[in-house]
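Notes follow once the structure below has been shown.
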């Protein structure tokens, strides 16, 4: 609990989310309370259908809650309109996906550069930052390669570089190792750990893989849309 | 060139027969492909409607070209000939004196009806008519001898009566009356300083006579102060006499005229439709290539989205050629849908009457867009051809996806 | 413009698809450009910026009827008239009927006043020489180039309307602004009149030049009224009105061209909508990823539209480029079928209109699939794979 004295980067109170299938309301999250302190490394766990991805999407600001308080990185997301939310995401959140989701027609450099295109940075400044990010994931020799020329592990590392290039406070990852073999998965997870420990990034990972979850410092278990328990991982 | 086209169409037909054979032997992939057209409704619909437009243009252009050709080709009889001044090329330019006409009718080669030669000395003049919208248009006026009517068997009186010599009367084609309502039977118009009564209307079965006002030759010559005829139309006893007759007429000292078989003369005149034909062909060729491109695009997308299905079929034991045939059929069905749509669209143009001008004689030629079953058949055949061409490469690609890749997708 | 790389690379994602749709676009724009230029060329025939103080007096009953030459005396007496040239379409050909070009028998003196704008560039000496030689002729530069004629050459002209085939000596080569005007031969009216018995004292038309264009309406009325009750009535009309009768003769060619143009525009719009929605649908996940990254919906819309507009701009430019490349060939093919099309060219206005049309097609056909693509929620988009 050494970081618990810091202000929470995610503050959630009584959060709920429902989907509508035709007229039928399907509740996914119900009355959820959760605070994540800045610099935390949290794993969201639970069986499929438990609402863990929905929670992640809400925190990352790509989905809207049906009710409740949702404050992330100092902003009340309910008060932002779609465009404000988009630019909020650009500044505050980095995304890592299961399928990497790199743009196939862009090379590694261009993929990492994408979020920076939305900033007022100059071309040279962008280049500097991209190279910094790619150095961090050890892919400086792959600048010119296109996604299909990279291995899965390399692709995910490019995706990580893309997530951190804008220097966001929060990194969200949905099953980041789901498509990787054990060796690459470890590598990616170690990298995320490093980002958490050395760079102080707050990281939120959705996973059903207990081994991946063990890289986190806290594990949040969800069950049928409600918080089941939070466990601190001892290492 | 003919050999080349024969060869190509032979390949086409052979390929089509094989495709039909394949679909009967292995109907399953085919059914999948047709279902896929249904599933990809919006893409099927867009491509088919684009092809519809192209096919309808194809049919309309074809009917236009046919309309123009028909106007001239059906105008002549094989054993009739026009006698004209040498190198005059068109009736309008020709002059023949009364003496020459008299001598011509005496020739033993000319067919007789009792004591009278079956021949008609005629004069051609042009009359400018003002259309309702203010645009002027020239219409040919043909002065003929009464016998000239029966020498054109395709010409049929449909209302009123034929003109009588000496009374300044005219008979007008119904097709002209459609475009100039003021020329109705019972009305009159001024020409050459006198008033002409319209006493009847005729139909010339789409031939160029549908574009001419007919009257008595002497009346027209008097009104226009002409001393000479333009041409003499003669009927010979037999078609084979044409050459002898031509030789005699060219070499007889008092004549020295040119004999042009009626069929040849009118065939020459179809050149009037050349500008429209050239533009029409240009339009069709370009649009066809464009339509094939877009059919290819749709088919490639269809192949790409069903890679896994193709893999499954292959794994079940279907061979490449069956995959090829079924995708080829998908393209053909797609284009034929377009073809059917296009045929329906083209029917909108059916019966529209229009005209163009012969720039050699500066006179009007009317013709109609007639969408016949044969034209629709050609349009459908054309769309099947587009389907084969547009589907071939995508189908080839579908049949050559490696099994491993297909299963992975 | 930092997004241009992204737009371009997205467009090139499926090269085959892009090239096929590009091909369709190029061909369609090419066709529209050619057809509209054709129409514009025909329109320009009856819309020439001629001096405006020239008009034609011809037989009321038609182009193939003759007027008495003596009518010219009355015309010359009118105070507004500067010069009168009688003129007759000869319709002859050189060597082969296929070698078709315009040839007229014109008054050999007054024509240089009446046609000072369309028969230009000859020296006074050449004009004198032509006027001296009764069997002389003058030809336009284009015509001379086509057959390799030089001043001094003697050429046979075979008559089709008139039973004479004069041998004419070229005495001068003139220049004109329009190709069709330069594709013309003139010879002495007297030659025609003296060698064709039925042309004695007759002419097809009079070209009349007045002091100012304002004189025209009153003068032509006066002339037509003067001859109204004589056996040969006249019809006086401006040069443009005269040419308009020729263009009108082509009948509904304008309607056909517009019909085809509209059909092509509809077809290409449908096809482009189909292709663009195909292309965008394929990228549903990518679009969601971009938006998750912070690209706003309007920014993504802008990128997608940019892609469509880049495509149609490329297609439009290539189509118009192709059209201008083949314009020369087409001018010859069509020109031989129809005299007026010797002036066929792509006018700047036509090019602008066609480019505007293409962009409009691009805009309409991209905006629909682009809106559909960006209205999907991010979460839905990410799940799509």
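The first chain written gets the first letter, and so on, giving A, B and C; residue counts start at 1 in each chain.
Everything that follows uses one rule, which is that a contact is a pair of C-beta atoms (placed from the backbone, for glycine too) under 8 Å apart; a residue touches a chain by one contact, two chains touch by 3 or more.
This one's a predicted model, so the numbers in the text were calculated from it and none came from an experiment.
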Using CA atom means as chain centres, which chain is nearest the centre of all the protein shown? C
Of all chains, the one whose CA centroid lies most distant from that of subunit A is B
At what distance in angstrom does the C-alpha mean of subunit B lie from that of subunit A? 70
Computed distance of Cα centres, subunit C from subunit B, in Å: 26
Calculate how many whole Å lie between the centre of subunit A and the centre of subunit C, each centre taken as the average of the chain's C-alpha atoms. 64
For the complex, give me every residue of subunit C touching subunit B. 16-17, 20-21, 23-24, 27-28, 30-31, 34-35, 38, 60-65, 91, 97, 158-161, 163, 198, 231, 233, 235, 244-246, 248-253, 256-257, 260, 263-264, 266-268, 270-271, 273-275, 277-278, 333-334, 337-339, 341
Interface residues, subunit C side, partner subunit A - complex: 2-3, 5-6, 9-10, 12-13, 285-286, 288-299, 377-379, 382, 385
Which residues of subunit A touch subunit C in the complex? 57, 60, 62-63, 82-83, 86-91, 93, 95, 97, 99, 101, 103-106, 110, 114-115, 117-118, 123, 162, 166
Residue set of subunit B touching subunit C in the complex reads 42-43, 46-47, 49-50, 53-54, 56-57, 64, 85-90, 92-93, 95, 125-128, 135-138, 191-193, 224-225, 228, 271, 274-276, 278-279, 282-283, 286-287, 289-291, 293-294, 296-298, 300-301, 354-357, 359, 362, 364
